[in-house]
Amino acid sequence: MQFGSDNQTGASPRILEMLVQANDGFTHGYGDDQWCGRATSELEKFFGCTLEVFFVATGTAANSLALSCLMEPWETVLCHHQAHIVQDESTAPEFFSGGGRIVPISRRAGKLQVHHLQRYFKVQGNEPPHTVRTAALSLTQTSEAGLVYTPEELSILCRSAHEHDLHVHMDGARFATALAALGCTPADITWKAGVDVLSLGATKCGALAAEAVVFFKPDLAASFIHRRKRSGHLVSKGRLFGAQFVAWLRDDHWLDLARHANAQAKKLLERLSRFSAVSLQWPCDANEIFVTMPVGLSAFLHDSGAEFYEWPHHGLPAGVNLSDDEVFVRLVTSFVTSDEQIEQFCGLIAEFFLNQE
Amino acid sequence: MQFGSDNQTGASPRILEMLVQANDGFTHGYGDDQWCGRATSELEKFFGCTLEVFFVATGTAANSLALSCLMEPWETVLCHHQAHIVQDESTAPEFFSGGGRIVPISRRAGKLQVHHLQRYFKVQGNEPPHTVRTAALSLTQTSEAGLVYTPEELSILCRSAHEHDLHVHMDGARFATALAALGCTPADITWKAGVDVLSLGATKCGALAAEAVVFFKPDLAASFIHRRKRSGHLVSKGRLFGAQFVAWLRDDHWLDLARHANAQAKKLLERLSRFSAVSLQWPCDANEIFVTMPVGLSAFLHDSGAEFYEWPHHGLPAGVNLSDDEVFVRLVTSFVTSDEQIEQFCGLIAEFFLNQE
Amino acid sequence: MQFGSDNQTGASPRILEMLVQANDGFTHGYGDDQWCGRATSELEKFFGCTLEVFFVATGTAANSLALSCLMEPWETVLCHHQAHIVQDESTAPEFFSGGGRIVPISRRAGKLQVHHLQRYFKVQGNEPPHTVRTAALSLTQTSEAGLVYTPEELSILCRSAHEHDLHVHMDGARFATALAALGCTPADITWKAGVDVLSLGATKCGALAAEAVVFFKPDLAASFIHRRKRSGHLVSKGRLFGAQFVAWLRDDHWLDLARHANAQAKKLLERLSRFSAVSLQWPCDANEIFVTMPVGLSAFLHDSGAEFYEWPHHGLPAGVNLSDDEVFVRLVTSFVTSDEQIEQFCGLIAEFFLNQE
Amino acid sequence: MQFGSDNQTGASPRILEMLVQANDGFTHGYGDDQWCGRATSELEKFFGCTLEVFFVATGTAANSLALSCLMEPWETVLCHHQAHIVQDESTAPEFFSGGGRIVPISRRAGKLQVHHLQRYFKVQGNEPPHTVRTAALSLTQTSEAGLVYTPEELSILCRSAHEHDLHVHMDGARFATALAALGCTPADITWKAGVDVLSLGATKCGALAAEAVVFFKPDLAASFIHRRKRSGHLVSKGRLFGAQFVAWLRDDHWLDLARHANAQAKKLLERLSRFSAVSLQWPCDANEIFVTMPVGLSAFLHDSGAEFYEWPHHGLPAGVNLSDDEVFVRLVTSFVTSDEQIEQFCGLIAEFFLNQE
């Protein structure tokens, strides 16, 4: 019963196989190899445009390197208050940008909206060099609340951002589950909507360690190779990343993996909805479910071997306040989540409430 | 009619005189001179305790150097949402701390209160190294809204901060006007209340360029000399700062200067209160007045030669929304503000409203 | 004929197998998994002492993170003038240390010696905070000139470093080939000789991407987890590194791999010695050979499909100056270098000289 | 007998007077005042061209801010091995540049020469992003060895630098004494020779604390205001700097001050030349004298109240090695050095040797 995170699995068999296959033979080092070359070509087909693409091992590296290309050290990036870049990546954005700033603007809304941007610009001072300049907007797709931005929502946000001279970054650690949920093209929720650079994560959707920084505006990538090298993210045996992405993209393997994760989340959600004391806090758009539940239930589930995380309260919707005997919990499904796991988990919940009576 | 800022004057005559007097003769360089020595002794008398003291030219340098001694690059400092360190000093705190973070926690309250701290710790995640560690609380006295924290308020805040293992920094760019307003001892609103390090500004209260970083816990100052040097803030002819502080402290010169500024603010406030369309937004505790007024009045005053700043809307109290024909304005008095200036300014306002009728 | 670098191969079959084996099942993320746990235990057996160990993907990350734990931003690390940290890792040490400095002290000697340290301290100024403080010495084993430090040489260097209050870091990107060449224990050339922290590289000796930062003095590691996270080097699926190190250490697999590389270097060297126009510049202690050769020969070899790098002239011994028709070249053997490759390569050389006559 | 440094005096009377005069009245803050405006105009006349000029309080700030505009964090600046930026400013250049690097290339030569640049580029690797890019050359005029570069020498160096795509920075902490020694125009040894940006120091030549960063290529200054603010170097009462520079430039006041310093150095040198045990190590081109002398003499002079510094041995010419009973000493004259001081100092030396006999 593993609902802790979609990064607690290994790689999908097809990705592992490709890693084994790519192991043979000599290649040039440092990303200058045929596997990275093929992965780049495949990504250009995936997005339907020419790209500047760079591969790194972690989402934090992908996000921070991307953002550092969009901002000066005396500038800021705006984001959702739950954004991974501001809540879960230590001070990586500050480190990579040489001391830039991340400013959350959403308060307790589930998704960023244009009015958040408007309010920010209305109340902030604008006296450079005393006040900071705002350089970019960062969005997360699938969002940290498990919500998916539609192409229309993204277009509206990006248009507003561009009107304020902001670049737009997308943290796509769970890009695949959003895409699977929307059923649109990758282009529809990236460059066609106005996204300038994407951190495309495969790790949370079946890869072992493979993240791509995808620039839709190549000019923005000019300093990337220097930033990647001096931050220690230029891996010598680049086939490690290239092979994973080749496998992930081939025959829409990513889509199968993401669809499974989403489908299992829907199943889990449906089963949870039978328990009135387990209360859904955000719509489940992809593969994450956020619920409140009794403290006792959470303890019982953990004791029974279930894996999942209590979630910080900044992730609760506006106006929701927990009583002392409730906890806020995140449940994540992945490409390996089985029906049995879901049954077993919900069986335990039923057992708990039975014992309560 | 100069109400722009208390840093738009020269130095007080007595401070200037001391600078001239200190000009004679050889001294060792880089702060190792008799003037800095005397200033340090005087500050120890002023605060009634032993200190580590360092002099720099600007408030931004004082604040950022002080904070960088309290935090690691993967830590944060909490502050009021209007704090100068987060609104008006570019990304200096991030620069000096090597990429630490400043987190405003007050929303629209006038002063920081314990419940702001409590809410912050309640909703934030706590999963190091993913989440940031909180290292310090920074308070501003006189606050950016012109409010003065009482010794009791400070004690309560500092106690709560220390319970959360936070150091406490005070931005005292306008420390003197707060002290004059309270009529207590310097110790009462610093180390006795729990403040660990103070940026003590003389520049806004009669000096030319003189700020002291005052450590009440000497251990915290261990790296200061290196940080000051590598940031270019170790001035060779240290008498520049030493002499100003000696004059500022002698015979409570600072108090005369601060009292005058505060008294003139009270006079101005009293005169402004006669105009119902000029609406006070925060109590005037020291030498700053925040009002909303008609756009047309503001323009008329500026056109008539009055100096003051429109203020960003994040400085408005919660719930106050301006109509399009209002502006939010800050008026600052200083040690040279004359009754004539106040009369002239308020005369213009009266004239404006007369013409309106 | 691949003599470009020992990072142009894939992983050894046994390491790849272990990766496949480790792919099954759930683990906690971010290094908190059984594979990293096992790798750490194995490393403690390997070195014969308790350790603080952290895994990362690249040598640059390992070196820079290690050094950043040894120095303040206003301090320096001394190293050999050819050191990878100063010549080949962009400004990574400066980045990770928040602006510390790397100072090469060896001039054209092949290995660092105590007299280099002594001269440095003799001629440098010592007026803090104006002058920098020296914090650490970094050594490379196998060195960038392909030389191996003996346990005695290391002991003498480390003792001198410690007498000057320096920490000692070892860049062990090719630690295994040095160890294989010396036939001593891992402890003999690390903590027993006085090394405080080691960057232990497996990637250049048969792994896919696996580097360990090994602290022999656990106190020095206190900030590591924060530094690793905020630099984006905390990989979520930690089994990637754990499994590689488990396989690398099991049954002395590393030793077989390193011995093969060294043996092939010796074979290549022996064959090269027959050509008087190919001139060995440094003794070949492990798996790297540095020679000068005619420009024409180098071009012929490249045209014939041989892979190797021209090397910068700072790598030449003192007093060696190249004529315009010579080049300086590095040849590296690895765990997959075959006799056939050596024969083919030297056959081409013979052919070239035959055609010259 | 003050020969410690030219920053151990106060300000010249005329500069002090101007400070007093500038104290009256309101001005806008943060450099946007009439005194800074006038100083900029005067500097444009001084150099005979349009400029971007910024004022700061210290030479370290001026140098580091200037260099940070010329380099990316993954680039280096070349300089003389005695350069103040690499020997005496802690790690300020690394701090301000976000982790760039300073590389000394002169070894023991007195002045930088083109062959130093050529050798550097010949021996260094050039494999970006692994190797660093070289961004700029920094020269010091008057040099740290007290030597003055002629316009011709500067032209040749700058031309070579520009051919390698380097910007040229000049550290002019003692620019005035060089200019007085050469008798040429300011333009001749700056922009006409190829200098792109100058740190122009008045502090060591009669000011209290006044340094200007002078950009001859305005494009290079684009980020300066942000860098100055976030490093805490934007002083609110800008008249402090403006007034000093206005006085320093008016009626060639700087020239009188510099000529006096140089003349006194010549006198001191002439008197010292009578003592065969006091050995001149570098020609005295301006206001600094470098000599070796017996340890006993140095101690005697210090005991007798003379002020001067022992100098680090990296400042000795190539091939000069001190015996244990010798010290290397720097003597600096300034605008206030009197004949009496020189007489008294040399009288003590004579007395010492008399007693020795």
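Observations, loosely collected:
Order as written gives the chain letters A, B, C and D; numbering starts at 1 within each chain.
Going forward, a residue touches a chain if its C-beta (ideal position, glycine included) is under 8 Å from a C-beta of that chain, and two chains touch if they have at least 3 such contacts.
A quick note: this is a predicted structure, and the numbers were derived from the prediction, not measured.
Fewest steps needed to get from chain A to chain C, stepping only to touching chains, is 1. Relative to the C-alpha centre of chain B, the farthest chain centre belongs to C. In this structure chain C contacts its sequence twin chain D using mostly the same residue numbers, the overlap exceeding half.
The chain pair with more C-beta contacts between its two chains, of A-B and B-D, is B-D. If you average the Cα atoms of chain B and of chain C, the two centres end up 52 Å apart.
Between chain A and chain B the centroid-to-centroid distance comes to 41 Å (mean Cα coordinates, whole Å). Distance between chain B and chain D, defined via averaged C-alpha coordinates, is recorded as 35 Å. Listed for chain D are residues 73-74, 89-91, 94-95, 98-99, 129-130, 226, 229-230, 234, each touching two or more other chains. Touching chain A in their complex are the following residues of chain B: 73-76, 87-91, 94-95, 97-102, 122-127, 129-132, 311-314. Chain A makes touch with chain C in their complex at residues 2, 4-5, 7-11, 16, 19-20, 22-29, 56-62, 64-65, 89-92, 94-96, 203-204, 208-209, 226, 229-237, 239-240, 307. Partner chain C is touched in their complex by these residues of chain B: 30, 72-74, 98-99, 128-130, 133, 223, 225-230, 234.
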